[in-house]
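Each of the two complexes below includes subunit A, the first together with subunit B, the second together with subunit C.
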Partner chain A sequence: MLYDKIQLIIKRLMLAVPTLFGVLVISFCLTRALPGDPAVYFAGAMADEASIQQVREKLGLDRSLPYQFLAYCNNLLNGELGQSLTTGQSVTYEIKARLPASLELTLLGLFMGLLTAIPLGILAALKPNTWIDHLCRVLVTAGASTPIFFSGLFLMFVFYYLLGWSPSPIGRLDFIYLEPPHVTGFYTIDALIIGDYEVFKAAFAQLLLPASTLALCALAPIARMTRSSMITALESEYVKAAKANGISAKMRVYVYALQNASLPLLTVIGLVFGFLLGGNVLVEKVYSWPGIGSFAIDALVASDYAAIQGFVLIMAVLFVTLNLIIDILYTLFDPRMGRNE
Partner chain B sequence: MNSQTIKQDNIAQQLRYLVGQNLLSSISLILFGVYVFIALTGSYWVPYDPLESNTTIALQGPSSQHFFGTDHLGRDVFSRVIVATRLDLGIALAAVSISFFVGTFLGALAGYYGGWYERLIGRLADIVLAFPLFVLAMGIVAVMGNSLINVIYATAIINIPFYIRISRAEVSLQRDRQYVQAALLSGNSHFRTLLFHILPNCLPNLIVQISINMGWAILNAAGLSFIGLGVRPPVAEWGILVAEGADYIISGQWWLVLFPGVVLMLAVFTFNLVGDTLRDLADPQKRK
Partner chain C sequence: MYTKEKKLLSVNKLAIDFETKKGTVRAVENVSFDLQKGEIIALVGESGSGKSVTAYSILNLLDANGSMPLGEIIYDGMPIHKATQAKLKEIRGREISMIFQNPMSTLNPIRKVGQHLRDMIRNHGYASWSNIEKEIDKLLKQVEIHDLDRVKNAYPFELSGGMCQRVMIALALACRSRLLIADEPTTGLDVTTQKSIMDLIKSLAKEEGLAVILITHDLGIAAEYCDKFVVMEKGKVVESNSRLDFFSKSKHPYTKKLLLATPSKEGKVEDLTLEKPSYLNISEPEISEKPLLVVEGLRKTFIKKTGSFLSFVKGKEKREEFIAVKESSFSIYSGECVGLVGGSGSGKSTTSRMLARLDDASAGKIIFDGVVISDISSNDFIKHPYRKDIQMVFQDPTGSLNPRHTVFDLIAEPLKRLGESFNKNYLGQKVESLMLQVGLPIEFMTRLPHQLSGGQKARVGIARAIALNPKFLILDEPTSALDVSVQATVLQLLEKLRRELGLSYLFVSHDLHVVKMLSQRILVMKEGVIVEQGETSKVMHSPEHSYTKQLMSSIPIIKEKLAIEAAL
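Up next, the complex of A and B:
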């Protein structure tokens, strides 16, 4: 049984290899599909013929495409993503410095989304066609139709301008606070590590609105999936059998049904994470959040190609990795997997 | 027997049945009509020129003269929102048409012929879906150049995999049916059979996807122009209108963001609901 599962997991890992390879090929194409000659571009505006030639050789642009691709992969393995024109730093450095800000936001958004969507979905499934089910449906449809930048601005208007509950919605920390020493790069966690609750509260208050915006976006698909898979589970034979055996309603819902409904949920979480990585860019723009999304937007405006390509690649790798982890968890949790192999 | 009779009903009867079933469906169909009407005729009846600025009346709230208020240059927000409808729906329609034709064609070939070709196409679709789609669209626009047509292409590319998947699945379900054998036996070429006999039978599910995709495409294009890609000011487009208003939201000029945002949201909402309605129409089990 366990042996079968390990075999399945290895199979799944092998399946990810061609996908990762494809991702690499596409990002390589993105680097080579620049309008005009990349060498001229990377040499800068003041370059003469000789220095362009030099850059061409340095980038390997005079070699064959397969060679260039291998060189590109080799650079990636060394963590080399090129030089950002806007900041003058290496793209790897920039992304490393800014990734924690984006991840802190995205993960908190996802967590808040799960925390509201799953109970909502369960309630809607338990009481179909009541007001809670209708509320769930309205939220799901509205959530799927709301542009994330609009909900972000709306929350900002209500909670900052009208109610004044939220701190000034710019950046990760109000300037009167010093940022906590770097451990994880997550300001909230770093502040907790040194036990500075003041800074923790400030950082968390800054996080709350942008994370809620992301949570609103994540809410819809998760609630919809929870509701439908809970309804399927509750109507199933094993729940009926449990009822016939006198197992309490609470136990039936939270153990028998929810456990089975949690598997499709896992898949949806992977999907939602993809939305959130994209939505993150818009939220970072709205809240001037110094993550990799706003870095990418600055790079886009300045036609800073190396930075954009690095950004797209990192996002794709993050997404593929998360989906892989989810697939592995799925294999581990689902007792049916590996039985018929 | 029952499904036979329903199939023979005309579409108008089916629609009437659905409308009776579901109030939301009828609302969505009405809204859909309103949006199409605005997109087609909006620019002829807006009260003001959407580009005409008049700084003496800048940043005024909604009034009987300016229903949605005026922006920082004194332009009439109502006129700009109305005029933007054609552009936004146009972008979405163009992008969705491209992904529909390309994706359906590739997927249909994959489903029909199978083999290594099917694996290749399926793999390609998987790879595109391995990217967070909005991020991929950003990358494509950045590399191909920041222009409206490239926003359309990028939106089209990220939606192609969905059509590939649907048409591949549908065609491989249909290809062993007897009517396909009959078509082939009566002398149709494989290609002709695929195009004129099999694909029409796959259309219902594809049309549902088109409607849902229209909503995504509108969101995607508005998101891209919100971060400064594609359409550029002073052209009126929903994403840009919200982006322009974003600077004024913390000083309380809410109408600049609210009206274009709500109109945008309602458009996506409409297409999603129409998609749900069409899905019910296409699914005979739900119809009963």
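Up next, the complex of A and C:
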């Protein structure tokens, strides 16, 4: 049984390799297909034909596409993602610095979304057509129909401008605080590690609004899925049988029904997390968050090949890892998996 | 012998209402019965008779829109029809428990069997931490499960349906309930499994004094196992008798109809209804000298890949062969009906799918009308001229009809696909005559499947199958989803069509007693092998193979039926 599952997990891991290679090829080809010549941009406004050619040669852009691709792969194997043209730093350095900022934001957003959506969905399923069900429906509709940039600005307007509860929405930390020493890259966690509660509070306060914006958009699909899969589970034969056998209501709802409902929920959470990673780009722009999303937008505008490729690749790795984790969790939760393969 | 004892349960003049959008609907009215310790009572009726609702009301498991405005339910001196939720929690599972149809889905699919039992015992505080495992072992042994460790650590999907039902019974008995409500506990299980489950329930009643309410549509089971009978029709009790009186003194026409329609060992298809069917004056079709269909060495295997991860990488996985049908040979002559009987997993459905050319055979030959048709792949067979000669009637009358097509569309579909003429008038006339032929009123032409009853849907399925004047029909359990009285009329319809049109049938079913009424010859299949074939009367009276004997003894029959038929 366990052996079967380990085998299944290894198979899934192996299947991720070709996916990643595919992403590599596609992102490489797409960036080359973008209009604009990075050599012109890099050489500067005053450059003449000869200096542009020089830059082109230096960047290897005069060679054939397959050659460029192989060179790119070779660099990747050495952990080199190339040089960002806009910031002048190596892409690896940029991503290392910015990825934790984005992840901290996304994870907190997802966590807040889950924390509200799941209880809401369960309550709505337990009491269909009552006020809580209607509240769930309203929140789901609002969450699904409000674009991120709007809800972001709206929250900022209310909580920063009108109420003044929230610190000024620029960056990860107010300039009067010092960055905590880099351990995980998550300011909140790093601050807790050194025991600096002031910095933790400040960093958390900065996080709260953008994370709520993400949570609002994560809420809709999760609450809806929780509600519908809980209703299905609560109406199932095994819950009915448990009721007839006198199993207590608590156990029926939170063990029998929720366990089964959590399986489809897991899939949706994976999807939502992927969606949030993408949605990040907008939130980071609105809140001037120094994350990977705003970096990618700047790179895209400047036709910064290396940076875009690095961004796409890192996103793809995140997506694939995420799906892997969901798959593996699914395999562990559902005993039926790995049986009919 | 029980009359002196106190009544364990008594239901008096119970009525059940359901609130619907169209107002209050009374589902059950004036239902009364008593039950004593060790007694098995049958609540018999066809679908929609209110038998399940009555049983659910005892534990107050009605849906939120249901209520009991009249009558009372007294359990052991307590009026439980107005019990509070707290009181109900005490009663459910501890005093009265329930088992259901389809045991596979009544167990939580991602919870191990042992956990189920532990939940139950702990919830009712019936055992302490130290002796809980011993208690579980005892329970499993009580329901005749012997490989304790395997079953305790198994998930429901790893067990057979019969095993799951045993586990459900163990759950029901976990806290020494005194009353068991069994809602169609063996519907959907194999006949041999059905017998073992029912024998277990009966022994629990007789030896442990468990009172049982058996809800069933099958009078055969009721007759074999029950002490008392309550027959319900449309929410009302039409007959309530002890065993002795039930078979000799039942008067209500509905009871008589049910008794007649229940297949028996000797009964003929024309005896299933009170009125003799009209086809009796049509002579038997002549049976051809040359066989219409010859099957030689038919075989079907499925390949399952297994092996370690390393072998997966190397592409050297072990290929395990699962043999569904093993070298089967038989022939069918035109104008004759051949029965194919076997338990679940015996390969009878695979055989019928191969003959219908929906699946390809792994080896062997199918020769139809002198032409080898097994060489044509099932994908190409749709274009073959023989496609219209071989048709199939499917098991699930609802699932096999497109829910968005009217009766006209459904019957006209094969005519449009494979017929010669697409003329609207011709189609209209043809559909009308087909509807008459299968006994469907013409005004049903514009109805959708959900507006039809089960029997009517079955008739639509038969009309579709005979629309193209086929020579050979494969009937795959055509009546197993139907009520007995409907089954009787559908069987008579099939017999009529065979005589009128000279059709040949392969009648596939798990129920030997149903098959034998239509068939001239019978094939018995077990684990992919035809273990016995021969004339119906020979197979029925002197079966040779032990499996045939086992099948026959597993099917419950009403022994008293001969007497009733004589009395009528």
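Everything that follows uses one rule, which is that the second predicted complex is superposed on the first by the 298 of 341 C-alpha atoms of A that agree within 3 Å, B and C clash if a C-alpha of one lies under 4 Å from a C-alpha of the other, contacts with A are read in each partner's own complex, and residues count from 1 in each chain.
By our rule, contacts are C-beta pairs under 8 Å (C-beta built on N, C-alpha and C of every residue); 3 or more make two chains touch, one makes a residue touch a chain.
Quick caveat, the model's predicted, so the values are computed rather than measured.
Residue contacts after overlaying the shared chain place A:L126 against neither subunit B nor subunit C. In the superposition on chain A, A:T19 contacts subunit B only, with no contact to subunit C.
By the document's definition of touching, of the two partners only subunit B reaches A:Y305; subunit C does not. Looking at the shared chain after the overlay, A:P169 reaches subunit B, while subunit C stays out of its contact range. In the superposed pair of complexes, A:K11 makes contact with subunit C only, with no contact to subunit B. When the two structures are aligned on the shared chain, A:Y160 is found in touch with subunit B, with no touch to subunit C.
Of the two partner chains placed by superposition, only subunit B is touched by A:P147; subunit C is not. With both complexes superposed, B is the one of subunit B and subunit C in contact with more subunit A residues.
Those residues of subunit A that touch subunit B in the shared complex are 18-19, 22-23, 25-27, 30, 33-35, 141-142, 144-150, 153-154, 156-157, 160-161, 168-169, 274-275, 277-279, 281-282, 285-286, 296-297, 299-301, 303, 305, 308-309, 311-312, 315-316, 319-320, 323. The touching residues of subunit A, when paired with subunit C in their complex, are 7, 10-11, 14, 236-238, 240-248, 251, 255-256, 259-260, 263, 333-336, 339. Residue ranges of subunit C in contact with subunit A, taken from their complex: 59, 61, 89-94, 97-100, 102, 105-111, 119-120, 123-124, 155, 157, 168, 171-172, 175, 181, 308-309, 312-313. Chain contact summary for the complex, subunit B toward subunit A: residues 123-124, 126-128, 130-136, 138-146, 215, 219, 222-223, 226-229, 239, 242-243, 245-246, 249-252, 254, 257-258, 261, 264-266, 268-269, 272-273.
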